[in-house]
Every structure is written in structure tokens, then in C-alpha cells.
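Two complexes come next, and they have one chain in common, chain A, joined by chain B in the first and chain C in the second.
Here is the complex of A and B:
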């Protein structure tokens, strides 16, 4: 069923791509209905089960790589988020990218991304997990770079790819270490029998796996790629960068929680980095003016909170994480989509240029207010509940672990920033009368279509009513997810109200601090701006090392390749000749002067061979000497056909067939190109150059002569092909052609390499002939 | 065939191929590479010792172990497999070269497209210049291809 779901989603992507969705409205609804239908199917099939749903498909067992799917509470929680928000985003996208001719491609990548993301949350096999993980990396790269002629898009996409791709490789290394050590390749096996103790191997694996999670979820100091990726179209930002992809790191940590939670490094690393990220990103969010930039940093801060929660093992902390994941998806998604609608309607995303939109954009206003309640952590909405449980757990932990204080500070700074952001969104965009900066009056305001509002509105309503439904409809989901994270069955009931205690007072303090900071306005901002300039970021390191790599590559290629073609060829041939001269001494004993005699099995054979030889010689001379345009091309084909005949004579039918085919193809290709090119004679060379060239040619020729004599000497050892023929005779079922068996079996990897070369050549030809052109000397536009 | 005759043929192919490559002309470069590919395929083939054997295709299964005629009965299939790979790769390289010549013709606006002697990365180009691609599909085909090579316009 799960594999089928992935297939259905990928197929729907292909259908949407091929049917030109920009021309029809039905595409939007199709895109929304498919994920919901899949969700309904999975829900019906799994909720009835008492046990965890399993699915197993053998893929590459010799690499320990199987498609083992496992759908426990945690996976189901993410499945609901991925498919539910996916449906809303698919509906929304159609109106956001209205009339974009590449909408189909966007849908295709979106659905492929959805499938990869589901693969992540379902995979039990760690290697399959990695495959899907990188699947999201690549599809998100394509989604971010959608507006692909814009430099900012390209740069954002590139940085995201490098950071998350690199982190993914670190994670793979961690998986391999742990897999080698334990002999198990599934999460469930690791969780059932946690790697005992804190030996070096486990610690190294843990650090590498966490590196993968931190890069994917943009934790400090990798927090720069996510805001950079905001150049993506808004639906992609809303989907990838709030609800799903950045949560993959959270998911990884939650999934491996039972295996690692007792490790001494787990708690300090997760709580420490989470708290720092939360504080730094919260402050950065307040200093931004771009709506999406603010939301991006707020997302990072929220992810930091979730890491703080998952670093602990108490039930309260895990409830905080699960409720936090759910609430965040329900409020950040609509906020992102609203930012897109505001931009669509007013032509700007700069909060300084927005004011008084409450009446014209009243639908968006409702969505933003409903979501901001949860963002600001007002009692009793989702954000508040999550923070309440988290603070409670941290206060208990503070007796035993100093890092909990760091966590508390981080959470409070984050909470302050969230309150500030919520007020800023509602007040500055919608309520205040006058904007800070001049407004572009040329853009005609148009409210979003009802269908565009439908998706985010549905999410906002679910988020708004969450306090009512959390302990009824969502209770089994939350309980199962908490149980899956903790590794043992838990009974969970979320309380909306914990009473007037220290925790509640801390929440109020954060809320008050946020409100106060907002009332102080620019004075706060000036202080903050001065502070954030000092925050270190991996950004400059990445840019610097990329620049260094490019400079180094250019230095090397100038140093090694800034030669003329003649010098290049002389060096290559010289090296080849040198090798032969060096080994000729050892191989010399192979040579037998009697080979030089002209022997033939029969007069007919001699006659045939002589003809072939003579024809080839004449044709080669024609290729060499003719200044005509067509003659040398035909002569080259004559050489090729003679070589083909030679293969026929010496019992090599596969070679003859291939050579014939290639000869025809090359001939056609050259003629086709030649037809388009004007005639041009080669330059006249000075006499010195001519003599030098003839010299090089003669040396090469003699080199070939010696090589043939040496190679054809009597063999001193049994050829290895004898064993190949024998094995084929005995073991190959159904195969008769030994050459084929060698290509596909004995030397299969050679053939794989050959296919790779052909694929690269094909891509090269395609890009040369068709689409792209390097644009030299253009500075990237400033970001 | 005598080894001597084959060696002579290889000598001529290699020599003329090399000379053609050095002629500083795109089309002659392609022709020269074609000759050299043939020469090297023949060199590899000569490693079989040029003894005639049966085509290395066995009778269809079921084959009985006691009917095994011995490996010497067949022509050595290993060089065949290697040359097969070489032919296909040679074709890939040739196709790429042909596309490159066509591209040079386009970029250089039909002039001096055949000049391949000095072919080095631009010395003054910033490394970043090579990292950004431009979509030409959206532009009219005639948008002054020559201008791109010099960077004079836009």
C-alpha cells in the first residue's frame, strides 16, 4: 500500500506535468484531491490495526538495502502533515503561479518531493531512508531554483543543495558506521537494542547523524541556507521550509531517540544547539523586513525549540515536541501562504511598505490573525501548549543539568521574538494607517481568488480549533507519536491549562517582553541590529570556500592547460611512448622474428587480407592528403568498413556489427554538420612547424608498430578468457554469446562505466546543441 | 594475416591520424581521431595473436559438461568485449566533438569556427562567470550569438 501510494503520487506529478496545468482549472483540484485521497486510504487501512503497519519489498539485499516501510505513530503524524498541507499547497500553487508556462514542471517536482518526503518518514531501512533523504534534497533544489534565470534563486538553491547534501553524506557515514558495528540496518532494530555505552564508534556515528539533522533543519551555524532559499516561489517555501523538509531533521532525531537518548552527548548537544539557534534566529527574525525572511528565521527558531524538546527524554518534553510539530505546521504554513497572497495582491513583501490591508484583504486578515494566536503562544492555542510543556520539562531538568538553563533562556528569547512577530504581522500589515516607506501606487490591488484562499483558510481553521480537538480527534495521533519517540507505550492526554504556576508566569513574561519590545519599536531594532552583526554564520565560510575552490580550479587549469593543442597532444603521446619504451625491455622476449613472415591459411584468405590492407592504406592516405571537403569523410568510412571486414575475418561478429552501425552514424552526423558549415581551409603552417608535426606523427606511427609486434607475440600465460568461456558453457542459463556474457557479467562494471561516459557525452551534446549558453563577464545581481 | 602487415596498417593509421590532429582544423581533428580509434582497436585486437578460431558463440543450452570443446576452440572473446566498449566510447567522443564544432560555428558567428589551436579558459574571466547559465530558449534564436562570446552587449 505504501509503495503504491508513492507510485500514485509520482504518477500524478507526471500527469500534471504532461497535461499543461496552466491551461486548465481542474488541475488545481486534481492536485489537491490526490494527496487527500492517498491520506484517506492510508488512514482507513492503518487506524484499524492494533499493531504497527509493516511493508517489505526486497530491493538490493546484497547492499543491505531493502524497502522496509514501517508506519508507527510518529510516521503517521508526519504523513498527515505532509499529505494534508501538500493538498493545500497544490491547490494554492495553481493560482500563485498563474499562467507560468513551467507550472507543470513545478507540480512534477512538488509531487516527487512529496513522495520522497513520505519515503523518509516511512523507511525503516536506514539506507533507503538516505535515498529518500537525498531525493528531497534534489527535488527541493529544483523547486527553489524554479525561477531559474534569477541569480538569487540559483544561489539560494545552490547553497541549500551544498549544505543539506553535504549533511546528508555525513549522515550516511554515520549510518554506515553504526550499521557495521551492530550488523543491523533498520531503525527499529537500533531502537529495540540501543548501541550500548558511549564508545568512540557510537559517538562518532551519533555526531555524524546529528550533523545530517542539523544541516537539514538549518540549526546554528547552518542557519543561513534557509533564508537564502526563500527565493523559492512561495508555495515551495510554505511546503518545504515550514511544514516538511526542514522537519526531516526533527524526524531523524525523533526516530533515533530511543536508540541514543541515553548517550551522554545527546542531551547537551541537542538542547545547547537548539537553544542557541532559537535565540539567534528569533532575534534575526525581528530585524528582517521581508515577510518571508521573517517567517524563515521564525521557522528556524521553532525548529530550535523542537530540538530542545527532543533532547530530553521526559514525557512532557516529548508531548511538547509532538504538539509543537503539529501546531507549527498548522500556523506557519498558512502564514507563509498568506505572505504569498499579500505579495500577489499588493506587489510587495516588504513589511515597511504595507499598511491598512485589513479591509481589502479581509480573508487574508482572518487567516493571519487565526495563525498569529498560535505563533504568539497565547493561551490556549497550539504554540502555547507546546511551550508550556517544554518549559515545565526544562524547569524540572534544571536541577540536574546546567544546559537546561541555556535551554530556558533560548526558549524565552524565542518566545519574545514570536510574540513580537505576531504583533508585527497583525498590526503593521493590516491595522495601522500609514506605511513606513513609500508604496508603489502603480500596482493595482486585487484580492486573492476564493480558491487561492481555500487551502490556507482550511489549515488556519484547523489550527484555530486545535485546542478543542487536540484531546479528542488528535489524541490517538499524539499518543502514538509520543510512544514511538520514547520507545515505550505512553498514555497521553494534553491539558489545556496547567494552572497559575512558574511555567505560566514565564510564558506571560515572554509575551510581555515581546509586546514591550514592539511598543518600543525602532529603538529595540537599533540595538538588535548592532547585535546581530556579530553573530557568526556559516554563510561567509561557504561563500569563501566556494570562491576558493573556483579560484583554485581556475589556477590549476590555467597552469596546466594554457597550452596550444599541439603541445597537449605532444605531451600525451610522449607519455604513452615513454611507457612503451620503459616496458619494452621486459616484453622484448615476447617478440618472435618468425611472426614477421607472411603466412596465410589459404590463398583465398591471403588474397582477402591483402585487399583489405591495400584498401585501408589507400583510404587512410586519402583522409590524410585530400583537401576536398567530402572525399576524406568518405575515405574515413572506407577505413571503417575495412576494419569491419577485418573483424568478420577474425571471428568477431559483435565487433563487426557495432563497427558498421557506428560507421554509418558517424558518417551521417559529419555530413549533417558539414552541410551547415562554410568551407574553410586549414591554416598554412611555417616549414618548421610542418617538420615538427611530421616528426611527431612518425614517432607515433613507430610506436604503434612496436606495440602490435609486442602484443601479438606468443602469450607467456594462459589467457583469462578461457575460464570465462568455460564458465559460460557450464553456468550461463540461456546465454550463448560469450562476448555478451563478458560485457554484462564478468566485466559488468566496465560496461556501467561505459554507459556513464555515453550518458555524459549525451548530456554534453544536448547542452551544446540546444539550450544553454555561457554568459561571460556578468556580475551576479546583488542580493 | 601476417602480423607485419597489420603493424604496417596500424603505423599508417596512427601516423596520419596524429598528423591530422596537429593540422589546427576542427574537421581534420575529427577525422584524425577517427583514424586513431581504428588504430588502437586493431592494436588491442592484435593481442589475440591473430589466430583464427570459431566465433565465440556457444550452442544454445542445455550444454553438457562432457561436451566442452576446450577454450582454444574459440576466438578469444575478451578483446572483443574491450574493443566493443572502445568503439562505443569513441562514438560518444566523436559525437561530442561534432556538436562542439557546430557550436563553435554558432558562437563565433560562422567565422574561424574551425580554429582549434588555442583553446584555453578565458584568462580574465572571474571564476563566478562560469557558474551562471542563461536560458536562451526564451530569447529569439537570432539574438546576436557573436555578442555573447565577447560580452559586448547586455
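Here is the complex of A and C:
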């Protein structure tokens, strides 16, 4: 069923792509209905089960890679968010990107992303998890770069790809370490039997896995890629960068929580980095003027809060995380989509140029107010509940762990920033009379269409009514999710009011601080702005290392390749000899003088081989003796054909055929090229060059000769051909050509890899030659 | 470089070589041959055409097809690889069919080999063609491209807000 859902979503993406959605309105509804239908299907089939739903498909068992799906409370929570918000975004996208000729492609990437994201939250097998993880990285790259003419979106897409892709590789390394150590390749096995103790291996694996989670969720110091990715079309930002993809890191941490929560590094690292991210991003959010930039930094701060919550193991902290995930998806999604609608309607996203939109954009106003209540953490909405539980848990923790104080400070600064942002959104965009900066009067204000409002409005209404429904409809979801994160069955009832206590006072203090900061005025934030400029960011490091890599690559390639062909070939041959000699030295006993002898099976064979050898020698001497271009090429071809004869002698017809064909093709090709080259005498080389060339040629020749003799002299390993021949006769339905059976059956994977390499080489040659064609005028015409 | 005598034998030779290439491809499982050899043989057809008709003519006739055909080859191989998945539970498991109206057994391994055939043929032909196209031919193609770019300018759409 789960695999079927992924197939349905991918297929819907393909259908939307091919049916030209920019011309039909129905596409938007189709895009919205499919995720909801899939969600309904999964809900009906699994929620009734009252147990974890399993599904198993064998994929590549020899790589420990299987599609093992597992749908527990945590996965279900994310499934609901991914598909629910996905439906709203799909509906919204059609109106946001109206008239864009590449809307179909956008839908395709959106649905592929949705499928990958669902794969992440369903996979129990860690390697399949990684595959889907990189699937989201890749599709998000395509979505961010959607407007691929714009430099900003290219840069944003590239940075996102490098940071999250690199983090994903680190995570894979962590998985491999842990998988090798435990012999298990599923999260459920790791969670059932946590890797005991804090040995180096587990610590290394933990650090690598957390690196993956931190980069994906944009935690400090990787927080720069998310605001850069805001160059994406707003629906993509709303979906990927608030509700789903950046939560993949959160999901990873929640998923591995039972396995690692007892590790001594878990609590300080997660709470520490989460708190720092929360504080830094909160302050940065206040200094931005672009609506999407503000929301992006607020998202990072919220993700920091979630990491702080997941770093702890108490029930209250986990409830805070689950409620926080749910509430954040329900308020940040609508806020992002509103930012898009405001831009669509007024032509600007700069908060300084916006004012008094409450009446003209009254639908958006309602959405923003309903969402801002949760953002500002006003009692009793979702944001407040999450923060209440988190502060409670941190206060209890503060007795034993100093890092809890850091967490408290981070949460309070983040809370202040959230309150500030909520007030700024409601007041500055909608309520105040005059904007700070000049307004573009040429843009005709047009309110968004009702269908565009429908998605965010539905989300905002669900978020607004969350306090009423949380303990009734959502109670099983929250309870199962908390149970799944903690690894043991928990009974959870979220209470809306925790009493008038220290926790509530802290919440109130954050709210008051935010309000006070807002009342003090926007201008005072300039000071802040200057203050945060020195906060170190990975941005410059990334730019610097990219530049360094490019310069290093050009240095190496110039050093090795920007030479004459002679030097180039000398380097290649010399390196080949050197590498093999070094490896042989390490292996030891490769060289055994007694193997250096030529054995002939019979006088006839000796006579035949001797003749062929003589012919080859004569051809080789012709190459050296000739002084025009054509003769050496023909002579070299003769050498190649003699090799073909050797293959025939040693009963290798496949090799002989291939060698013959390659020889003929190359020979004709060189003749064709020679025909076009101007006739020229080969230059007279200085004596030193000649000696060097002769030396390299002799060393390479002797080396090759000795190597072949050694290889044929005495078999050092049990040959695998016998096994292959037996298997061919037994399995492959009367096939007799072992070479071909090996290529297509036994070693199909290798052959497929080689095919891919050949195809890529073809593309490379094609584009290189075409690039040359684009600049014909730079070369002198007489060439 | 176009050779007169080759023009006369070209049609017959081309047909014979293509048949030979398929012959090698099909009998690969039983006797020497297979997709790689067959692909090289098919590339030899392209080379023959280059010698006899010139690279420009060949480029006009099949030049645009070569890169897509290599993709088609990869796609064929992928389909052949995953074809046996639902049945046997693993990819790369060959599936055998008995075609009732023929006394021949067909397998997905052959389809995979056909993918190899397509990739080797198209990429080798691409090498041959791109390396033998003269400067004048390249210029001609460049002019073609500029022509196409001129035509596409009018259809450019206003980028959406983002």
C-alpha cells in the first residue's frame, strides 16, 4: 500500500506535467485531491489497525538495501502534515504560478518531492532512508532553481544542494558505521537494542548522523542556506522550507531518539546547538525586511526549539516537540502562503513598503491573524502549548544539567522574536496607515482569487481551532507519536492550562519583551543588525572553499594537461608504471623470477606464436622507422590485428571479435582525421627529448611484458571461470556463451555501470565539441 | 572525403552490416557476440556512411538521433533490470519467456543486451561523427543554431514573480 502510494504520487506528477496544467483549471484541483485521497486511504487502512503497520519489499538484499516501510505514530504525524499541506500547496501553486510555461515541471518536482518525503518518514531501512533523503535534496534543488534565469535562485539552489547533500553523505557514513558495528540496517532494530555505551564508533556515528540532521534542518552554523533558498517560488518555500523538508532533520533525530537518547553527547549537543540557532536566527529574523526572509529565520528558530525539545528524554519535552511540529506546520505554512499572496497582490514583499492592507486583502488578513496567534505563543494556541511544555521540561532539567540554562535563554530569545514577528506582521502590513518607504503606485492591487485563499485558509482554520481539537481528534496522533519517539507506550493528554506558575511567567515575559521591542521601534533594530553581522556563518566558508576548489582543480589540470601531447602521455604511462610497482611492493611476493619463462604447449603452438610475434615486431619497427604520418598508423593497426590473432589462438572469440572491430573503427577514424590535417613534417626533436621518450617507451614496454608474463605464468588465485561456466550451464537456460552470460546476468550491475559511463562520456564529447563549435571566430581562418 | 565506388556498394553493405550486427546481438547468449560487439558493428555502418557520403550528410540524417538513442538504451536496460522484480523479489533477475509461435526463448537478459547495443552504437557513432565533422560543417551547424535561437526569441514568456 505504501509503495503504491508513492507510485500514485509520482504518476500524478507525471500526469500533471504532461497535461499542460497552465492551460487547465482542473489541474489545480487534481493536484489537491490526489494527496488528500492518498491520505484518506492510508488513514483508513492503518489507524484502525491499532498497531504499527509494516510493509516489506526486497530491493537489493546483497547491499542490505530493502524497502522496509514502517508506519508508526511518528510517521503518521509527518504523513498527515506532508499530504495535508501538500494538497493546500498544490492548489495554491496553480494560481501563484499562473501562466508560467514550466508550471507542469514544477508540479512534477513537487509531487516527486512529496513521494521522497513520504519515503523518508516511512523507511525503516536506513539505506532506503538515505536514498529518499537525497531524493528530497535533489527535488528541492530543482524546485529552488525553478526560476533558473535568476542568479539568486541559482546560488540559493546550489548552496542548498551542497550543504544538505554533503550533510546527507555524512549521515550515510554514520549509518554505515553503525550498521557495520551492529549488523542491523533498520531503525527499529537499532531502537530495540540501542548501541551500548559511548565507545568511539558509536560516538562517531552519532556525530555524523547529527551532522546530516543539522544541515538538513539548517541549524547553526549551517543556517545560511535556508534564507538563500528563499529565492524559490513561494509555494516551494512554504512547503519545503517550513513544513516538510527542513523537518526531515527533526524527523531523523526523533526516529533515532530511543537508540541515542542515553548517549552522553546527545543532550548537550542537541540542546546547545538548538538553543544557539534559536537565539541567533530569532535575532536575525527581527532585522530582515523581506517577508520571506523574516519567515525563513523564524523557521530556523522554531527548528532550534524542536531540537532543544528532542534533546531531552522526558515526556513533557517530547509532547512539546510533537505539538510544536504540528502547530508549526499549521501556522508557518499559511504565513508563507500569505506572504506569497501579499506579493502577488501588491507587487512587493518588503515590509517597509506595506501598510493598511487589512481592508483590501481581508481574507489574507484573517489568515495572518489566525496564524500569528500561534506564532506569538498567545495562550492557548499551539505555539504556546509547545513552549509551555518545553519550558517546564527545561526548568526541571536545569537542576542537573547546565546546558538547560542555555536552552532556557535560547527559548526565551526565540519567544521574544516570535512575538515581535507576529505583531510586526499584523500591524505593519495590515493595520498602520502609512508605510516607511515609497510604495510602487504603478502596481494595480488585485485581491487573490478565492481558490488561492482556500488552501492557506483551511490550514489557518485548523491551526486556530487546534486548542479545541488537540485533546480530542488529535489525541491518538500525539500519543502515538510521543510513544514512537520515546520508544515505549505513553499515555498523553495535552492540557491547555498548566496553572499560574513560573513557566507561565516566563512565557509572559517573552511575550512582553517582544511587544516592548516592537514598541521601542523599528529603527532601534539597526543596532541589532550591526550586532549580528559578526555572527559567524558558514556562508563565507562555503564560498571560500568553493573558490579554493575551483582554483585547485585548475591548478592540477593545468599542471598535468596544459602541456604537449608527449608530456601528457609520458605522465600517464609513468604514473601507471609507478602505481602498479608501488602496489606490487605492498603486496609482496608478486615478483617471483621463476615465473619469468615462456611455456609453449606444443611445437605447433610455438611456431604459430613465434610467427605472430615476429609480425608484430616488424610492424613495431616500421612505426619507428617511418617518417610520414600514414605508415605508423597502418603499422600500429597491424600490431592490433596480431593481438586479435593471439586471441583466436587462445580460444577467446569474443575478445577477438571486439578487438578486430575496435581496431578497424579506430583505424578508419584516424585516417579520416589525418585526411583533414595539413601535411607537415614531424619536428626534429632535441637529443635530450629523444632520450627521454625512448626511456619512457622502453620502461613501459618492458613493464607491460613482465606483467603479462607474471600474470600468465602461475595462477595466484583460484580462477573463478570454472564456477561461472558451471553456473552458466545450470542456470541460464542452455546459454553457452559464458562471457555474455557474465556480462548480462551475473555481473549485470557492473555492465550497467559501464553503460552509464559510456553514455556520460558520449554526452561529454558531444558538449565539448559543441562548445568548440560555438566559438569558431576565435581561431584564425587559415587553420 | 567521399569515395565514388563506395556510393555504389553502400546500400548493400549497409544492409548486410546491420543484419550482421543484429545477428551478433541475438546470438550473444549462445555463441560469440552480444550487445557490445553488435553495437560496434552498427557503429561501423555509420563510419562507412561517413566515408562514402561525408560527415555532413550523416550528421543531417542521424546526428540528432544519437544522443537520444543512448538514453533510450539506458532506459531499455533499466526496464530489463527491474522487469523481474515483482516475480523474483530482486532486481537483475532475468526472466525467460517461451514465445509460442517461435522455437526461440526470449529473456530480459537479451533486452538488457539490446540496451548495451544501443548505448555502444550511439555513443561510438557520436565520437566518430563529432571527430570527423569539418570546421565548415560545424560553422553550418552553428548557423542553424543561431537561426533557431532567433526564432525562439519571440516566444519568450515573462518570468513569474518569485
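By our rule, the second predicted complex is superposed on the first by the 565 of 783 C-alpha atoms of A that agree within 3 Å, B and C clash if a C-alpha of one lies under 4 Å from a C-alpha of the other, contacts with A are read in each partner's own complex, and residues count from 1 in each chain.
The definition used in the following text is that a contact is a pair of C-beta atoms (placed from the backbone, for glycine too) under 8 Å apart; a residue touches a chain by one contact, two chains touch by 3 or more.
Quantities reported herein were computed from a predicted structural model and do not represent experimental measurements.
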{"item": "Residue contacts with chain A in the superposition, chain B compared against chain C", "value": "B"}
{"item": "Chain B versus chain C as contact partner of A:669, first or second or both or neither", "value": "both"}
{"item": "Partner chain in contact with A:604 - chain B first, chain C second, else both or neither", "value": "neither"}
{"item": "First, second, both or neither for A:745, with chain B first and chain C second", "value": "second"}
{"item": "Contacts of A:616 with chain B and chain C, given as first, second, both or neither", "value": "first"}
{"item": "Chain B versus chain C as contact partner of A:550, first or second or both or neither", "value": "first"}
{"item": "Which superposed partner A:100 touches (first chain B, second chain C, both, neither)", "value": "second"}
{"item": "Chain B versus chain C as contact partner of A:658, first or second or both or neither", "value": "both"}
{"item": "First (chain B), second (chain C), both or neither touched by A:582", "value": "neither"}
{"item": "Which of chain B and chain C A:153 touches, first, second, both or neither", "value": "second"}
{"item": "On chain A, the residue positions that both chain B and chain C contact, one per complex", "value": "149, 653-654, 658, 662, 665, 669, 673, 676, 732-737, 739, 743, 751, 758, 761-762, 765, 769, 772-774, 776"}
{"item": "Contact set on chain C toward chain A in their complex", "value": "1, 24, 28-37, 40-41, 43-44, 47, 50-51, 66-67, 70-71, 73-74, 77-78, 81, 89-92, 94, 96, 105, 107, 109-110, 112-113, 115-116, 119-120, 122-124, 126-128, 130-135, 138-139, 141-142, 157-162"}
{"item": "Complex contacts: residues of chain B adjacent to chain A", "value": "1-25, 27-28, 30-31, 34-35, 38-39, 41-50, 52-61, 63, 65, 68, 71-72, 74-78, 80-81, 83-85, 87-96, 98-103, 105, 107, 110, 112-138, 145, 148-149, 151, 154"}
{"item": "In the complex, chain A residues that touch chain C", "value": "57-61, 96-101, 146-147, 149-150, 153, 231-234, 343-344, 347, 653-654, 657-658, 661-662, 664-665, 668-669, 672-673, 675-676, 732-737, 739-741, 743-745, 748-749, 751-752, 755-756, 758-759, 761-763, 765-766, 769, 772-774, 776, 783"}
